[in-house]
Each structure stands twice: as C-alpha cells, then as structure tokens.
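Sharing a structure here in structure tokens format.
For reference, chains read A, B, C, D, E and F in written order, and residue numbers begin at 1 within each chain.
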Amino acid sequence: MERIAIFPGSFDPITCGHEDIINRAVPLFDKIIVSIGRNEDKKNYFTIDQRLGFLKTVFAGNIKIEIDTYEGLTVDYCRKVGANYILRGLRTSADFEFERSIGQVNKKLYPEIETIFLLTHPEYTSLNSSVVRDILRHGGNVSQFIPEGLSLGLGF
Amino acid sequence: MERIAIFPGSFDPITCGHEDIINRAVPLFDKIIVSIGRNEDKKNYFTIDQRLGFLKTVFAGNIKIEIDTYEGLTVDYCRKVGANYILRGLRTSADFEFERSIGQVNKKLYPEIETIFLLTHPEYTSLNSSVVRDILRHGGNVSQFIPEGLSLGLGF
Amino acid sequence: MERIAIFPGSFDPITCGHEDIINRAVPLFDKIIVSIGRNEDKKNYFTIDQRLGFLKTVFAGNIKIEIDTYEGLTVDYCRKVGANYILRGLRTSADFEFERSIGQVNKKLYPEIETIFLLTHPEYTSLNSSVVRDILRHGGNVSQFIPEGLSLGLGF
Amino acid sequence: MERIAIFPGSFDPITCGHEDIINRAVPLFDKIIVSIGRNEDKKNYFTIDQRLGFLKTVFAGNIKIEIDTYEGLTVDYCRKVGANYILRGLRTSADFEFERSIGQVNKKLYPEIETIFLLTHPEYTSLNSSVVRDILRHGGNVSQFIPEGLSLGLGF
Amino acid sequence: MERIAIFPGSFDPITCGHEDIINRAVPLFDKIIVSIGRNEDKKNYFTIDQRLGFLKTVFAGNIKIEIDTYEGLTVDYCRKVGANYILRGLRTSADFEFERSIGQVNKKLYPEIETIFLLTHPEYTSLNSSVVRDILRHGGNVSQFIPEGLSLGLGF
Amino acid sequence: MERIAIFPGSFDPITCGHEDIINRAVPLFDKIIVSIGRNEDKKNYFTIDQRLGFLKTVFAGNIKIEIDTYEGLTVDYCRKVGANYILRGLRTSADFEFERSIGQVNKKLYPEIETIFLLTHPEYTSLNSSVVRDILRHGGNVSQFIPEGLSLGLGF
C-alpha cells in the first residue's frame, strides 16, 4: 500500500519551518501532497493564487511532492485523495496541545488516518506565518524566515 | 448551608464533555445551575433559544439540575442566585492555565466563591464546542461528540 | 449518601498550601480524612509520628476533619474507609499533568471515585514540602511557609 | 554604555502587574521607556491619549522612566531610541512560550537587543489588561487591579 | 532505501500504550526494531530476560517487528543496525518537552536520524510503565494496562 | 549602587548554554559571580576542583566575571557577597515553572533579591549538563555542547 501524506495549512506565506519539515519527511512517504485549506471566513495576506505560486516555486523539481488546495474537512479531503497520513511539525508545547486535539478528533472522524509529527528545527521554533506577515506589515525584511530564493513579490 | 454550584458556559452547542462533567458532579452538590452566559459581542452558531432547548433536553428529569441564562459578571450572577461554587472541567494544561486565571480573579472579586474542578474523561480531552461547530460548518457528522439522543435540528 | 473525601499526601511537613486547600474544602464535604500514605521506600525528613502530630495540631477542633495513615493503593484505602472523593490542590500546569495522570488511573481502578480539585492560593503557588525541607536542611526559617502556630520542634 | 530598556505594550489599561515589573526593574537600568505600541488594526478600550495619561500619572516623579508611543516593529523603535534591552514580565508558562517566540524573532531581526524577564508577583499572576476591560464592561470594580490612586475616569 | 525504525525503551513492563503506538506505526516502516536499552545504573522491576520475553510474546507473528537489546547511545545503536528513524509516542506536553530535548540532541549527534512521533490513544494518556509497577508493588490488578493476553508471571 | 549578579549552578560540566547566557548578561551588570553550589548529597560527575577549573578556563580574562563556590541557601550567599540579582537562563516551559517556583521562594526569603532571566539561544534549548554527562558516560563526543577550546580532560 502506498504511503501518501498530506501536509495541510494556510501557507500565508510558506516559511522555512514548513519547507524544512516537508523536505525531511520526503524519504518517509511515497507522495506528499502540500495542500492549502481554503477558508472563506479567514482573511489572508496573500491570495490563494499567490500562495499556490510560492509552494510551486519552492517544491519545483521534487517529483514526490504535489501541490493542491481543498475545501471542507481535512479528513474528507484525505479520503478523496487516498491519503492515509497527515504530516505536521511540532515546535512548542502549546503547538503540541493544539495538534493533539486536532489529531484526536481527526482519528475519531476517520479511524484509518494517522497523524505523523516531526520536530521543527530549533532555529525555526519561534517562526510561523503570522510572524512573517507581521514583519511584512511593518515593512521589515523577512528573507531569513522564508525559503531561500523565494520572492514574495514585495521587493524582497 | 446548601451546596449550590453554577456551571457557566456558552454551550454552543453542549458537548459530551459538558454532559459528563455535570452528571458526575451531581452527587457533590444540592443543586447545579447550568447557565448560559449571554454575550452580545460574541457571534454564536446556535441562538440562545436553541442552546437553552438543547440543555433542557439533555438534563430533563434531573431534579437537581436547573437551566438558566445570565448577563454580566459570573460572580455577580453567583451572588444573585446564591451559588457558592463554580463547577468546571479540566482537559489540558492550556485549559488549566486559562481556568486558573479566571478562578483567581473571581475569588478576588467574590472571596466566598470556590471554583471546583473535575477531570474531563480522557475520551473527551480533544473535544470542545468549537470543534463541533467546525465539523458542522463543513457538513460533517457530530453525533459522537454531542449527548446521545440530542438532535441539533440539522439532520443529525 | 455521605460526601466523604480523603486528602492523601506525605505531609513531610504540612505546608500553608495544604492547610488552605483543606480548610476551604470543609464546607463541600461531610467529612475529610487527611491521610498520610506510608511508603517504606521513600526516605522522609520527619517521622510518621511527627507528621501525624503536625496534622493533629493543625486541624485540632475541626470535627469534620479526621487524621489517618494508610498503606497500599490510594483507591483501596478509599474503598476501605468509604470515601467517594479524593481532594487535591492545583498549583501549576506541571502539577496538573501529574495529577491528571494519577486521577485518570485511579478512576480506571475504581470508577466510583471522583477527584476534586481546588486552586491553590496564588501566594502558595511556589510552595511545597520539598521547598520547606530544603530550607530546613540549610538552616533557614520556614515559619512563613507552614501553618501559623505550628512548631516543627526545630527551634522555629 | 548606558543601559536603556523599553517596556512595550498596549496598556489598555495599565495594571498593577505592569507597574510592579517596571518599578522593580528601575535599579537595573539607567532609563526605562514605557512605550505604547500604536496598532491601527486593534480596537482599544481606552484612547491613546487616555492610556498615555494613565502612564504619566502612575510614573510621575520617577526621573528614570520616560513615557512614549511608537509605530512599526518594536526592534526598529529600539534602534531609533538607542535601547539595547526589552523588559518583560512573565506570569505563566503560556506567557513564556509567547514571549520566547517574540524574543527570539526580535533577536534575529536585531542581534544587539536582549530581552530581560522578571517574574510577575504571584498575586498578579492571573491579572492582565483584558481581565480589567472585561470587568469594566460589566460594570465591576477594578480598583484592586490597577495602580493605587489611578482614576480611569469611569467613576472608580 | 529501506525505512527502518527503532522503538527504544525500558519496557519495564510493556504497556498497552507501547503496543498501540508500535502496531499503528507498522504500515509506515519496512521494519521496526523494538529494542530494550540496557542501563546498569537503573534498577528494574523485571529482569532483562523477562522484559524480552514479554516483547516477544506481544509481537510474535508480526514479521516486520524485531526484538533486540542495546547498550550505549541510542544513535550509535541506530548507526549499527542501519535505522534511520526513531519512533516515539506522545502523551502530554511534559512528554513533548522531554522528547523534543532528546530528539534534538540525537539529531545533533547523528544528523541523518529522524524522530517520528505518533499520538498516544486518549485512553492511554495517563498510562506508563511506572504506573504499572506502582500498582504491582501494591498488589493491584494491572490487566487493563498491559497487552491483552500477556501474563507477567505474577498471577495476573 | 553596584549591580552584582550571581549565576548559581552545579556546572557539572559547564555547557555552551551556560556560557552564552553569562556572556550576554555581562553588559547588564557591574559584576557577575559564577558560583558552584556545593551539595554533599548530590553525586557529581566531575569533582568540585575540576568544575572550578573549567569555569576559570572559560571566563579567564573577563574582569567582570568572578568564580566562586558556596554552601547553604542561595539567598544567604547573595546577602554575604552583596549580590542583588540572580541570573538565570530559560529554555522551556518546564524550565520556566521550575525557575518561577525557586524565584518566588527566594524573594519571600530575601525580598531585596531580583531574579533576572534571559532566553537561551534556540540552538541550545535541548542542552543541559545532564545530557552532556549522559553522552560522556556512553563514550560519545560532546565537543559541540561545551565551550569552544575547553578540554574536559577525557580525551576530547
């Protein structure tokens, strides 16, 4: 049986932390689908097309990684694309308690799914998309927080 | 002196976790008032009348449990109804830190009040009303997360 | 049915924190048994007789409080003395995770038991018996950490 | 080299907790700039002028404390005013994880900055501006939570 | 490249929690080596031979699972047996902080290793070998905490 | 008034994490006394003379840093040497809860003392002396975990 994982998120924008977890997980799976959860209620900093573009740029050339978007429950999307694993990174104990809750509910909704966690690299523990957006809003330089070579189209 | 507790909350909607804590606390108190805090600023998923209806259905027949609503500070409501205890469930350490803060402030505002905590059943650790609403929004089935026999009037 | 709680511990020695939780819980129960768990493997600072003496001194005159000792599993002791509640104080989130584990295991061993938690007074959050022993070992003054009027027989 | 710290915040309104940390840190620094971060996106309870007024009242007469406001990234403001330290209080482990993330990102953006933490007094562990605003909204009395002698202009 | 994981531990004794994590991880790996870390300094409840016997009984018939013991650093053992993954279960946030520390140090000592975490089933959150030993010491019944059908040779 | 801090610890052995905190705190204080708490009850890996030697080597040439040892309560030592600050690093939320307890007790025993915390560098979050000792015991290489150029006299 193929080992297919999804890595769900908003990726608004993708950070070095996301990139690191996904690249380190590649050998473990036959395919990783990095998929943007569309959420109409949430105001995003970057449009869905911009975020898709960032992901495609960062993972171009990696044949085991696919880029996608989805709506609705994550477990329903897993069923649809045949994924049996959800991949997540863990940074802090607050992170852990949040992810544990989501992971346990997902397993109740879809018992075949398994959430697999990797540890975030220590250097990226303090990093998330919200921090990057906050710096962007104030005109700061985020180049050390986003994947190398990625241009957010904002002059960086 | 009578042991009267309130169990305050939004109950939007009531979950198995709420139901379990309240039922297990019944022998400890002479009366438990399950009371919905009305908060004009907060947008709710279910109306106050729907939520009241759910509570009345779930606890029908239990003569030690009353259903009510209140506005304003919880401690002022306790004074008004003669409650000397606030009942709460604890699921996670994030929960605990949140509840400790509220409990300590309540005690400063009303030194006679005592907050009493029970442990949430392990099976319900990941469960809260927000999880239930999120699944409802995406058309998922929440029957395993809400009290047995309760219909949310949404086809479940 | 009578509401009987045990408050188990080593009480080596009793601190202001223990005293505060027990006194605040008195109105909630018909009887509270403050009971020292005898543990041969653990080296204690005060003898069992000294610790019993401290407890008897502190709670003398309170007819709802009994002092006792026990060996073996706490839940077996609860069954023996007819207690349906275990009373505990919560200070920190580390405390909470420790107590949750014990509480859940106790409930699996004896489903009729309910662990009831009260919040430690903020002033006593940093206090425990180990802190008191550590200060005693170094010749410090612990009078502000132990019940008023209690003499540990050490010149304080 | 002068030791200049900023204590950034919303101060909506200042609490006893803020006041206590700042006063205890005065001997450590040559100057402390208590500075309100202006954030257009955030709806505040008190206007910027009211909040400035509260700060000036509370710290009047302390020649080592300056009151100011700023916009943009905190580290850019530190550079501008020549501050090499950011002063913060720590109350809970949730606090700590939040502050650690901000402190680590600030150090990546401005390696010369050092965040210095003091422990909040136990009595103020549960206290923050949001608690005070919540009590105010419900017509409660906040006098025990704000600096002595401060009038919020609301009848307290 | 083969995906080989080790699941290191004392297994003194194996619990339902260990068994559950290992069985759920089987589809993810080509081989899982469940290996007892020999530690001369630590006093164990069961002998190494007893613990090996328990593991062999529980995983008999699963051709993807091997049972072994090792001495020295876990990463040195991984190198020796060609394992590129360390498998661990996560129960609580205290667990997480402990495992994160070990996982980060292991990665510094052996950058090719990846620690993979699964969530413990909610029912087993409070369970660990130390709890089982404690119940055994007091003559309690541990059958609900250890793998079904396992006899600890103690009358259970 | 002079700003004198002590940095107390076992330093068994000193790690990169200790060195980093102390060096970053030097500009904040007029003097930092790095002092080894002698504890007869605790079995150490390195002798007190070896540990003193390591500290002297690492901080040689820094005229603001003194090396010392002490017995008894830390606050009594502070009084003796005229220190008004205790310096500590914070790595994790478990760390924080432990340090908060010690800091609050110290302040109750000696109200003039202030504990000052700095954030550990992310790279050293998982590092402590116990990790270093564990690697040494198993014959591993600890050079990346201890101050550059320090020889532990063990062939590294």
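By our rule, a residue touches a chain if its C-beta (ideal position, glycine included) is under 8 Å from a C-beta of that chain, and two chains touch if they have at least 3 such contacts.
What you see is a predicted model, and the numbers here were worked out from it, not measured in a lab.
Peer 1: Work out which chains are contact partners of both chain A and chain E.
Peer 2: B, F
Peer 1: Nearest 5 degrees is plenty: how much rotation brings the CA atoms of chain A onto those of chain B?
Peer 2: It works out to 120 degrees.
Peer 1: Comparing residue numbers, which of B-D, A-B or A-E shares more than half of the contact pairs of B-C?
Peer 2: A-E
Peer 1: Between C-F and C-D, which chain pair is linked by more C-beta pairs in contact?
Peer 2: C-F
Peer 1: Go ahead and note the Å separation of the Cα centroids belonging to chain E and chain F.
Peer 2: That pair's centroid distance is 34 Å.
Peer 1: Distance-wise, how many Å sit between the C-alpha centres of chain B and chain F, to the nearest whole number?
Peer 2: Each chain's C-alpha centroid was found; their separation is 47 Å.
Peer 1: Return the distance between the CA-based centres of chain D and chain F, expressed in whole Å.
Peer 2: Roughly 30 Å, centre to centre.
Peer 1: Which chain C residues sit where two or more other chains touch them?
Peer 2: In chain C, 92-94, 97, 100, 103-104, 122, 125-126 touch at least two other chains.
Peer 1: Touching pairs of chains, which are they?
Peer 2: Pairs of chains that touch one another: A-B, A-D, A-E, A-F, B-C, B-D, B-E, C-D, C-E, C-F, D-F, E-F.
Peer 1: Could you please specify the touching residues of chain C with respect to chain B in the complex?
Peer 2: These residues of chain C touch chain B: 1, 3, 24, 27-28, 84-85, 90, 93, 96-97, 100, 103-104, 107, 114-119, 122.
Peer 1: Quick check on the complex: what are the chain C residues that touch chain E?
Peer 2: 72-73, 76, 93-94, 97, 100-105, 108-109
Peer 1: In the complex, go through chain B and note every residue touching chain A.
Peer 2: On the chain B side, the touching residues are 92-94, 125-128, 131, 135, 138-141, 144-145.
Peer 1: For the complex, give me every residue of chain E touching chain B.
Peer 2: 92-93, 122-123, 125-126
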